[in-house]
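Below you'll find the structures, each written out as structure tokens.
The following pair of complexes shares a single chain, subunit A, combined with subunit B in the former and subunit C in the latter.
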Partner chain A sequence: MKIKWFYRWEFFLLLLFIVEIAIFGWISPGFLHVNNLLFSMNDFMFISIAAIPMTLVIISGGIDVSIGSIMGLCSIILGVSWSHGVNVWLAVIIAIFCGLAAGLFNGLIILYSRVQPLVVTLGSMFLFSGLALVISGGSKASGYEGISGFPDAFVQLGNGSFLGVPNPVWFLFVMTAAFCTLLHFMKYGRSVYLVGINSKAALYSGLRIKWISLSTYILSGLGGGLSGILLTSYFSSARADLGSEAVLPVITAVVLGGTSIIGGRGSIAGTVLASIVIGFMQYGLQAIGLTSEQASIVIGAMLILSVMARQSSFQKVMQWFRQRKSNSSDLMY
Partner chain B sequence: MGKESLLQMSEIKKQFSENLVLKGVDMNVLSGQIHALIGGNGAGKSTLMKIITGLYQADSGQLFMKGEPVQFNSPGEAHKKGVYLVPQEPLIFPNMTVEENISIGLKQTKKVLKQKMRELNSTLGWNLDLSRLASSLSIAEQQLVELLRGLMRDAELLILDEPTSTLTHHEISSLFKIVKQLAHSGKGIVYITHRFSEIFELAHHISVLRDGVISASGPVSHFSYEKLIQNLMPEGKTFGSTMSVDHCKQEEKTEDKTPILTVKTLFGKRFRSVSFNVLRGEVAGIAGIVGAGRTELAEAIFGISQCVSGEVFLDGEDISTLSVRERIDRGLVYIPEDRSAHGVFSIASLKGNLTSAILHKGKGWFLPFKQEQKIAEQYLRQLSIRALNSCQSAESLSGGNQQKIVLGKFLAADPKVILFDEPTRGIDASARMDIYELISELKKKGISIVLISSDPEEIMALSDHVWVMHEGKLVKKLENDAITLDQITSASFGVEEEVTAP
Partner chain C sequence: MKVLSRLLQIREASILLFIFLFVGCIGIVNPAFTSGDSLGLILKSSMILLVLAVGQSFVLLTANIDVSVGSTMGLSAAVCGILLSHGVSGYLAVGAALVIGLCIGAANGLGVSFFRIPSIIMTLGTLGIVRGYMLFYTEGRWIEDIPHYFKELSAAAFLGIQLPVWIGGIAAVLAFIFLSRFSVGRYFYAVGDNEAGARLIGLPVRFITVLAFTFSGLSASIAACLFVMNIGFVPNQTGSGIELQVIAAAVLGGVSLSGGQGSLFGAALGAIFLEVINHSLVFLKVPAYWNNAISGFLLLLIVTGDSRFQLWLKGNGKKKKQEQEDMNRSKLPKSGEDGYEDKVVL
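What follows is the complex of A and B.
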């Protein structure tokens, strides 16, 4: 059994990360500087932070494509509250509650309408972004300029650093630790897996399946809210369209991280690693002179290849297990 | 009436792994004949029909269509030769019109097809509007669509699989008219049913399938209710003689007379006015055929589905309004019939499975890993589950061991009453014996078991008393010496009611 960790997908992602850094470092030596690496992470931390709670949604068998719109909605609510004289930290709390409420809305509609989560959250994606634009229009902040001029303390949230490590990376640490504990060490996390594997069996086992799936959407809303706040601070501007292109990278990170799109399988570590791999790939390719369009081609190809690799390696593992089993049963009888 | 042989089966055999389902079936359906096929659950009816319609291939034996040897490798080939199965639940595309539903898969032009459909419709005197959306059809009308599908393919042999199970009384009589009409026009009809009254009203010829062979066959005039029952019952089985599991049954009566589970006039979608008591340490069997409403009743008692009215008491406490979790906590568990859909978490570890029903119990929000390992090891050992370790996934186990995992998961919840639905469905003989032994052990410990099973022998061997369910009602209570195969079988098929009714 000692060999098993080697076959884990997270290990492969770690390997991919190291190879990727090595190659970029070889092409442009400046890339390898620790500070360069750390601070370039700021550019994609909002993806990782939204992807972590999304992992729970997808493991439980759902999906939330409104996550990008939740980011924009929370951002504009923060900005509008602040510009109307609310203390900026209170505005942050309001934005967090707005994210939770958006998730609750998604979850309730999915539970009580019994429409597929993809369809419901596609709808709420338009609804939330429309709401954000209306709010931003109502406060005379035009959609693309946004609300700026936030106090320095708030701007430091996304741009400052602590002990030489940028603040967004600290956020990632905290989020990873919290959700790892929640998903892998707490009863709640176990029930999320069980619901994702077989929601009927979960119902027959007395699990509160409604509450469990509802709560994953609330957490996903929280992830969208935190991500939106971080982006607002990072750009020091609150805009309705922040995060409008975040949804696909977020789901890509979760799926590349080894979470099964039909639920039941996945890990926080995988999601975090995958989001970092994709983020550095994007950054590195542009650093060595590719346009962002060209970079997309490379990233798309890499995604398909690695998911294929995962499929085949998974089959190999299963084969190896079967052999083991037949060997040991030969010994038994 | 034509006397030409339409479909002849000769020595059809079929084996699934070690289980010989069909042991050489001979049957001959004539054109213009309504040939009733009856048999208990697991007698091999569906396997036989799947062979006739090309879904399965027989291991040996030969099919003859009008005297010519044929072999069907797919339903399409069977259709070409004129064999069409109308399934129990019509398979309709709800968002298409009747016409589209019927013409799907046919190669002629739309115009030709429509013409043919109209002709069929008028010759049979059916007024089915072809432009209606299929979703607006009643189940009886959906069956007409299925029949038309078969007739459009020039089917000469139509197989009707329990066509009346979902129909109302009025719909049944109009279906009978149609079936008779079709037979009159020379089609051969195989009519599968559980309802004896229908056979005597409709059929020309009866074949009884029992344990993979035709135990009796002949014109309907040669049969009576009693003779049918006689032929349906397993051969040479009388109460207590051949049962290998008879020792499981305890002779001494339980002293405690207070009921642990009381169900009072429970009404639901598929069952009516159900009342019964279960005493402490007692095995109460609920017998009946598939579709009698037994699973629906158990799920209502467990709180999965809602009942219309009535009450359920556990140990004197009214639990009718409690959630599933609260019922589990108070000591009522239900081990579902459909193991893979409702019982097992396939890709979860064995320990994850075994602790899933008690996850919420115990203090704290964190997973008690050590305790979990202990519980898993305890049940793996106690239920002698063949597994390498408690971390392997449940899907890697055999059916019997998976069933034990589901059983273990609910035993971990420390139940007082277990509703056990088809405990040995689809599992091998040795695991079956293990389960029987377990049931008697649990009984000794004072745990009450409600045993739902379609296998009358299983019911007889294990139960202290038996209720027989027929079409949603508990029609009979059998105790002590009255628990005989004969009694169970006849009550399951609702014979008694029909015979005594004028």
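What follows is the complex of A and C.
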């Protein structure tokens, strides 16, 4: 019983993480400094923070490809409302509400039209990124020009550190703890799984499945909003195209973390670990001298190979272990 | 009335109606839009999306998805461009591009069918790999010195129709005939509708899946050649992000993401419609940054409207039946009230 966690997917990811750090440390010893490792996490925290609520959406059988556009929309709304004289913290709250509203919009359209989530969020992806461009074009910052010059307190949100740990990493801790509790230790989380496994069964067992799938999209909008704010603070500039390339890394992190793309299976810990593995991979390859686009070769290969491993051999190995165990226990009795 | 409602249930008819209405409305606001020149230009530039949407439909019909077409198109365009700029003959350059598309598509298909990797993950992976490799291959440079004769091909006309339109049209018609008049073509629908059933009656399910992805890859490289012809240079970002537009076009044309439903004709019309929307904004004198917002809004509006409309049509037909059922049965929840109509299969 005790070695059960030993052959979980999360354990494999942890192993992958350690091997990865060891290899990069071996190639360039400067990589291994704790401070270097911690502060390089700032570069990809926005992926992790968006991927955590996305896990819920995918577990419940949906998908949200508009997350990158929500980041850009929230960022530009924060910037525009600040540049119109709103207090910066009030602007942050407005941006969070904007993310929630975007998620609510997605969820309502999916429920009302009964069109597949991929199609609806594809449409809203164009809509949100377009709205972000319109807002930034309509205000003083024309086109892709960013709004910058935020007060120092806001910039510290994404760049500062507390107790030697950078603020974005604290955000990740809080988000992970909150969503772990929500998904793994609360009734709500169980019902998200059931909706993903069999929505009819969930309906007949009296769950409010419409509310559950709606709420996952709202949470995903919240994730997009939070990472948009974090990105704005990190770059200390609000732009409409922030996060426009984030969709695929976010979904990659969720899937690599062991969440089944057809729903019903997955965990928050897996998603967080996978996003960290991907992030460090990108960082390490860049340290070696590749551009981030070139690093996508390794990440793409990693995605395919790991899913292939999980799909075939990993499960066979697990089965073999279980059979051996059950055989030996049969012999004992 | 019955005929009309039957006709409206055919997705191609409704999308064609939408296109005519839309073009008519824009034409009233700005008559220049409906002139032969501008419509011809739109048709020519929509060929890239059209070819990609036709290729994507094969994959969607088998209940899979291919998000790697943008990268495949980028790499094929880069290879075609570099070969051309080194003075290789046009036939050879186009041939090389096509072979690359075939290989990437076949690799996707093998991964999905033999290694049982979900198609969205497999193609997400190849999306990254191929895009990264393209940047290695071009060393991050744009390819600009395409020979003149190749660029002029896009203006070459036969019977008053330009070459890109011929290529796109012939590819679409061949694919349409293959899919609707050959038994192998019908297998795509069978595999997408019920994979286990298709296997049990002895269809080569794995082969069909590989074939579908191969067609999609091939369509990406045909689109790449059209791109090199039309645009005349190959930027680094060629084709990035187009995969989502392609899927949107196919869905707009009535191809179902859960497989087994839809036609190539619809997908082609969907691609033309998306392009018409994009071009119409210029004629309405709307600033270019409104582009995404309006096409996103229209996509949502049409897809939602169509889905509600089809539900309403179905409901009308079943009304009598249901009234009887309601009399007989106590109040059990209706099936189909649980969120989406179909289970999402990616």
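Convention: the second predicted complex is superposed on the first by the 315 of 333 C-alpha atoms of A that agree within 3 Å, B and C clash if a C-alpha of one lies under 4 Å from a C-alpha of the other, contacts with A are read in each partner's own complex, and residues count from 1 in each chain.
One rule holds for everything that comes next: contacts are C-beta pairs under 8 Å (C-beta built on N, C-alpha and C of every residue); 3 or more make two chains touch, one makes a residue touch a chain.
This structure is a prediction, so every number in the text was calculated from the model and none was measured.
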item	value
First, second, both or neither for A:301, with subunit B first and subunit C second	second
Touching partner for A:28 - first (subunit B), second (subunit C), both, neither	neither
First (subunit B), second (subunit C), both or neither touched by A:265	first
First, second, both or neither for A:188, with subunit B first and subunit C second	first
Subunit B versus subunit C as contact partner of A:197, first or second or both or neither	first
Which superposed partner A:208 touches (first subunit B, second subunit C, both, neither)	first
Partner chain in contact with A:36 - subunit B first, subunit C second, else both or neither	neither
Which of subunit B and subunit C A:286 touches, first, second, both or neither	neither
Residues of subunit A touched, compared between subunit B and subunit C (which is higher)	C
Those residues of subunit A which subunit B touches in one complex and subunit C touches in the other	200, 202-204
Subunit B - residues contacting subunit A, complex	302, 304, 323-325, 327-329, 334, 336, 341-348, 352, 356-357, 359-360, 365-367, 388, 396, 409, 413
Touch list for subunit A against partner subunit B, complex	185-191, 193-194, 197-198, 200-208, 264-265, 321, 325, 328
Footprint of subunit A on subunit C - complex, ascending	65, 111, 115-118, 120-122, 124-129, 131-133, 135-136, 140, 244, 247-248, 251, 257-258, 287, 289-297, 299-300, 303-304, 307-308, 311, 333, 335, 337-346
Sites on subunit A touched by subunit C in the complex	61-63, 65, 109-120, 122-131, 133-134, 137, 143, 199-200, 202-204, 209-210, 213, 248, 251-252, 255, 261-263, 291, 293-301, 303-304, 307-308, 311-312
